[in-house]
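Note that the chains are named A, B, C, D and E in the order they appear, and that numbering of residues resets to 1 at the start of each chain.
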Amino acid sequence: MFRLFKRSSSKAGLSPGSLTYVGDKHEEKLEVELIRYSTEEYTEESIENIDDVFPIENTPSIKWINVVGLHDPSTIEAIGKNLDIHSLVLEDILNPLQRPKVEDLDGCLFLIIKSIHSEESTGEYNIDQVSLLIGVNFVISFQEKNRGLFDDLKRRIKNGKERIRNRGADYLAYSIMDIIVDNYFTELEKLGNQIEEVEDTIIKSPGTESLDSIYKFKRELILIRKSIFPVRNVIHRIDRVGGDLFQESTDIYLSDLSDHILQIIDIIDTFRDIVASMMDIYLSSVSNRMNEVMKTLTIFASIFIPLTFIAGIYGMNFDYMPELKWHWGYFGFWGVVLTLLVSMLIYFKKKKWF
Amino acid sequence: MFRLFKRSSSKAGLSPGSLTYVGDKHEEKLEVELIRYSTEEYTEESIENIDDVFPIENTPSIKWINVVGLHDPSTIEAIGKNLDIHSLVLEDILNPLQRPKVEDLDGCLFLIIKSIHSEESTGEYNIDQVSLLIGVNFVISFQEKNRGLFDDLKRRIKNGKERIRNRGADYLAYSIMDIIVDNYFTELEKLGNQIEEVEDTIIKSPGTESLDSIYKFKRELILIRKSIFPVRNVIHRIDRVGGDLFQESTDIYLSDLSDHILQIIDIIDTFRDIVASMMDIYLSSVSNRMNEVMKTLTIFASIFIPLTFIAGIYGMNFDYMPELKWHWGYFGFWGVVLTLLVSMLIYFKKKKWF
Amino acid sequence: MFRLFKRSSSKAGLSPGSLTYVGDKHEEKLEVELIRYSTEEYTEESIENIDDVFPIENTPSIKWINVVGLHDPSTIEAIGKNLDIHSLVLEDILNPLQRPKVEDLDGCLFLIIKSIHSEESTGEYNIDQVSLLIGVNFVISFQEKNRGLFDDLKRRIKNGKERIRNRGADYLAYSIMDIIVDNYFTELEKLGNQIEEVEDTIIKSPGTESLDSIYKFKRELILIRKSIFPVRNVIHRIDRVGGDLFQESTDIYLSDLSDHILQIIDIIDTFRDIVASMMDIYLSSVSNRMNEVMKTLTIFASIFIPLTFIAGIYGMNFDYMPELKWHWGYFGFWGVVLTLLVSMLIYFKKKKWF
Amino acid sequence: MFRLFKRSSSKAGLSPGSLTYVGDKHEEKLEVELIRYSTEEYTEESIENIDDVFPIENTPSIKWINVVGLHDPSTIEAIGKNLDIHSLVLEDILNPLQRPKVEDLDGCLFLIIKSIHSEESTGEYNIDQVSLLIGVNFVISFQEKNRGLFDDLKRRIKNGKERIRNRGADYLAYSIMDIIVDNYFTELEKLGNQIEEVEDTIIKSPGTESLDSIYKFKRELILIRKSIFPVRNVIHRIDRVGGDLFQESTDIYLSDLSDHILQIIDIIDTFRDIVASMMDIYLSSVSNRMNEVMKTLTIFASIFIPLTFIAGIYGMNFDYMPELKWHWGYFGFWGVVLTLLVSMLIYFKKKKWF
Amino acid sequence: MFRLFKRSSSKAGLSPGSLTYVGDKHEEKLEVELIRYSTEEYTEESIENIDDVFPIENTPSIKWINVVGLHDPSTIEAIGKNLDIHSLVLEDILNPLQRPKVEDLDGCLFLIIKSIHSEESTGEYNIDQVSLLIGVNFVISFQEKNRGLFDDLKRRIKNGKERIRNRGADYLAYSIMDIIVDNYFTELEKLGNQIEEVEDTIIKSPGTESLDSIYKFKRELILIRKSIFPVRNVIHRIDRVGGDLFQESTDIYLSDLSDHILQIIDIIDTFRDIVASMMDIYLSSVSNRMNEVMKTLTIFASIFIPLTFIAGIYGMNFDYMPELKWHWGYFGFWGVVLTLLVSMLIYFKKKKWF
């Protein structure tokens, strides 16, 4: 399950703009990868010293710098210094609590978006923050962890047959967002399958596992929705905010992306409605089953408690109890018992209790 | 029941604009039908090679190309090439997850709308996607399955007495949308009848079947609403987006359509409110019935457990128990028992427990 | 109770604009009444042939044509032909499912509004559609049934002392709407009284009748709200849409009407909130009563089951049971029983179970 | 408790603008009070004949005419005639169902606002309507009942040291509204205290009284909110509508008033949320207590029913029952009973049932 | 827990603008602290006579006057007189019920914001009001209590290495707001941790403590949200309202602050959704546990009540009961008992009741 709140309070009291990584601490080394491509060429290298990359605008080829790991603020600071970016923006990159947003930074565009990833082993969902700095001929992406999200995209660029090799940095930025949004579909499909599985068992045999699942779904959908909902607005605003950087030919792609986000939000809302209905059904099923239990008890008790009373009567030791002397007394007793038994059964049958 | 999520994840990782059919795979052959009509003439033919139809604007007669089946992207691709349509649009045609929308494609209008169809045999609802490409003198419609939705419309065109033979492609497009929206009424009426049936039994004898029905209604209404709600906006925007293609004389028809969609949404919302109330009533009824069960149990147990205790007393074997010797002891016992019984019954009667 | 859905599906598949009455079939004859008045004169006649009324604009007196019954489309068609009205509008008059709306028809104004009427005998609510065609010197009103709604208005016109005799057709139209809206108050007051009656019994003795009533209220309020809510917008728009037909001096009346509709919607929403609270209270009361039942059972069972066990012990037939021989054994038994009984009662009293 | 609906249906069917008082009938005499003040002088008199007051604009001093009691339409009619006010406005003054609103009447401003008053003795809330007619140098206020609401204000004016003596009629109108809004705070504070009292008992010992209180709170908050919410809009619009009458120096007071209304609405919404939470808690507490009851029953029954069975066995009269002959049989029986008893108690203890 | 309503009703009836402190009465002395700094110098002194500080604009250094304690209106009045501030504004400073807001006071800016503080010892939340008066070279802050909120900020200013020493009063005002907003994160993190703790226990062992916690969370979130939500608007409006006072270089800081407030509101809403889900889960868990209890009871009762009846039969004293004479009668009895016992256990096992 997600943690509700990732920000460590160590941040409070610091001056605004001080760079401290506020996410979980990881042991992994911070990795910086530089992918450089144009229509003709493609190179991919691992960068040790981030300053080597700058100045970044000196060659016409498109450069994609993929920074994985945020626990070492010095790299981000170096990038900030080279591109002359305000420390508050750098602080946002380091703070995984940021809402998705887009900002114009005079010469480049700053974008925060969330990616979703479900752990194969535990089924738990993670929400990662992906920050993008988009310039005329470069995109710098920041992620906390490498979850292989960009592998397909890298392959497509390397491959060289795709449209992307002939397009600018704006199309690269779009492609990164597209792959993140496509991944929403994949993750939501998994979630949808889980929901449908639980749906099937919920009426038949509602148990505490179903309850746990419903709660897990609710919680995940609350958090996923919170992460994805503002993305809609971000994509709508890219065009307005990043007018110069985004070419007109990329507009149709952005509007396609915008459609996808609307679909995603539709799906999430549908899931939420359905999970809410499941909760209602669960509660009703539990009530129904309680009803069954109570009926069983009531039938047994209502039949046998009076009969036991009758047996108790003839177990009394009064000196004078005429029935006890009758030869057919015992059989008479059985007659009464069976008559009562049968009439009670008919009564409960009529009430449709079994 | 609908599947929550139709998109196969095989799509993820592909470059944007790659044409892959992401719906369910069907065995049926893809059918293309060409209906050509003007005030005087009407022809109807089945097309084997889609390229034969183009160039489409060379004759003044109205052409309606009805493509049924989406599993073969090559036909869609051919149409796209002939009309010079962006691959992202073609991708939308193939993706049954699309939200209803309208787009201006420079020279023709692209429209996605959803049709609803309930399976006669199982009572399950299907939501199909109908995409329309509307040009000056043609309409191309794309559907996944042929459910006979357009049969009435074809008959009316063939018939020749109707207004439609004298009007342009815009009126044809309107007529297609109108027939889809009219079908919403038909399907919602069926649903309304089902709801009223369940409504009748829900207070009288609430059972798990009612619960299943309510859940089915809720789920269907969630999904139908999601499909129809954006249609309202689509129709509002047709006029603005498709200004040139839609003649002014068709405006009154579109505004009539818009009214119908508002009615449909009203009806769906009313159904949702009513189904939500039904759920409340169901829960209350279950509680009420549990109450009945508990009262039965309590009456039986509260009366007979004390009586059994009394019988138990005189079944004890103490050497000295004066009552046992009394000649009228046994009848005295009966007196006590009957007194208790009657007073208990009066007590419960007073409490209105039966 | 209302039927959820009045439209017969026979309509689907017809060409748009075909006139078919889609409401319930009635046996009654369609009645057309013509009221003609000016400051000086007043006449009232029953019209057999609708064409006699036209051309309608030839005299300066105000004409009110009241059509009751919609099952015969030919009359409506004749009116449409005489006034040159689009068939889609005529279709709206015949379709009782229409949302309230106002439309400018080039020279006259078309208005749909809903009237509410509760059946005296059954307490069931009916929602009728009233359509108005408003011209320079005439108003044509269409209703499905004559429920005496307009009787007061006719009397006031006939009476001649009222302001209405000196005003134009716009004031007549306003008066018709005013009488319909005034009737909302009357009907809602009846409903309010019913709600307050149920409110009183709901805490004291919640039963299934209360549940039925709450459900009935909910359902009625859902449907009434749906019918009245759009009227607000209609009245707001009359001024804008019907600029020429409505004189400035009538504006203050329309804005008064608009206030009344807002009050009506306020009242409906208040009723809905209150009925929703009543449902909560009902559910709690049912739980409370179940609690009472359970407590009764628990007290009886917890006291007498252990006592029965003790009596059972001394009913055993072991050869050697010393207590049985004691002279005061039986009284000792009673001592134990009474001690237990009293301490249990004190225990339950302390727990405030009775 | 409020009555849901105050309008008597006797109104329906009357011509719009006919003056009939539609509130409850009161026996008290209608009182008209005239307060006349300027910086130097202050007079206060009771008016018998309303016509004596007019023409009202002949002296520079500020005049406040306070009309208490609405059951005699003739006074209102006289005022209307003197000030040349439309009969629909007069009708609004007489109709206590009006929503708060502000209207420009050519030369004076018409304002409807609601005051809240809780009956000391019964704790019931009353919502009264206060109508104001504001002119250049006068304010006429209309109330149904005198609840002492204006006493403080009159004292402040008489006192003469306050700012009000130097300001115009707009400030007087503001002061009247301010005193009404201040009274909202007082009344809501009382309600808040009541809510906190019930809150304290609701978890500890939820009973039907708590349920009654919650329902009472809900109902009152629904009705109070309905009365106060539109006031926000009224005050916002005063400036726009009453531009000429309200001096610029009064604007800051109006905006302060507007702040107060926002606070009031905040408080009401907070109360509603809290009362809704209380309902949830109540329901849960009832469930919890039922659980306690059931556990008690189950523990007693599960322990003693099996033991009674065992005692029943050795109460049987079979000729051959070896245990009965054993010398230690009876004590063996007790051994078994105690063993069972203790293990059951341990079992239930482990399950944390007590 | 917060008190719902802090305003003492003693305020009602006073003339608008009369200065009375309406919060809780405190014994502590009112403290006024003056911090004066520029790039070079820093002084900090305690002010006894507030008039000494004025005229405040005579030196270029930035002055921060921090007033702690609001129970002595004379200090606030003195400040108001010196800065020529309307008495209604001063009244707002003294009234802790104010909504967050920003106002332009001709030459200085007036800001109300709320700070949140959880009592270490009791875990109770307090909402304090912080009012700011912002001028060209000064900021005056008003708080009811000193909770050490500004200590970090003072240290940073004193420290002298921070950006703040080179910036104007607008940056100081921003820093004060930033420290308050940062504190929201800290407090919400604490709340988040508490929520997650309760979340863990709620499914496993739901008890009344969990219920108390959920209610406490709900109530706190309602009140915190109410306090923080309007802050969003306040910060948005600062730029528009305080155009002259706020330099352009501070804009980026304000927009960062605005982002943080959006995050805070997101977090609060997420918490509310999650707490609402927890309530649902709690209710279901209680139902589930009741089910368990009922099953235990039903199993015991359904097995042993019939067996006791059988034992009762052979405890009867009829003269002629053939079974009693059979040599194997007793063992036959045991056979029947065990058979019944085992088949009942199998039956309940099959029903998955244990």
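Going forward, a contact is a pair of C-beta atoms (placed from the backbone, for glycine too) under 8 Å apart; a residue touches a chain by one contact, two chains touch by 3 or more.
Remember, it's a predicted structure, so these values are computed and weren't measured experimentally.
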Shortest walk length in steps over touching chains, chain C through to chain E: 2
Proportion of interface numbers common to chain A and chain B (over half same, under half different): different
Magnitude of the superposing rotation for chain D and chain E (Cα, nearest 5°): 70
Averaged-CA centre spacing for the pair chain E and chain A, given as whole angstrom: 26
Where chain A and chain C are represented by their mean Cα positions, the distance between them in whole Å: 43
Residue list for chain D, restricted to those that touch at least two other chains: 283, 287, 290, 294, 297, 301, 305, 308, 312, 315-317, 321
Touch-based graph of the chains, sorted into line, ring, star, complete or other: ring
Partner chain C, residues of chain D touching it in the complex: 3-5, 7, 9, 11-13, 15-17, 86, 88, 92, 97-99, 101, 205, 208, 211-212, 215, 218-219, 222-223, 226, 279, 282-283, 286-287, 289-290, 293-294, 296-297, 300-301, 304-305, 307-308, 311-312, 314-317, 321, 323-327, 329-330, 333
List of chain B residues in touch with chain C within their complex: 152, 156, 162-164, 175, 178-179, 182-183, 185-186, 188-189, 192-193, 195-196, 203, 252-253, 256, 259, 262-263, 266-267, 269-271, 273-274, 277, 280-281, 283-285, 287-288, 290-291, 294-295, 297-298, 301-302, 305-306, 308-309, 312-313, 315-321, 352-353
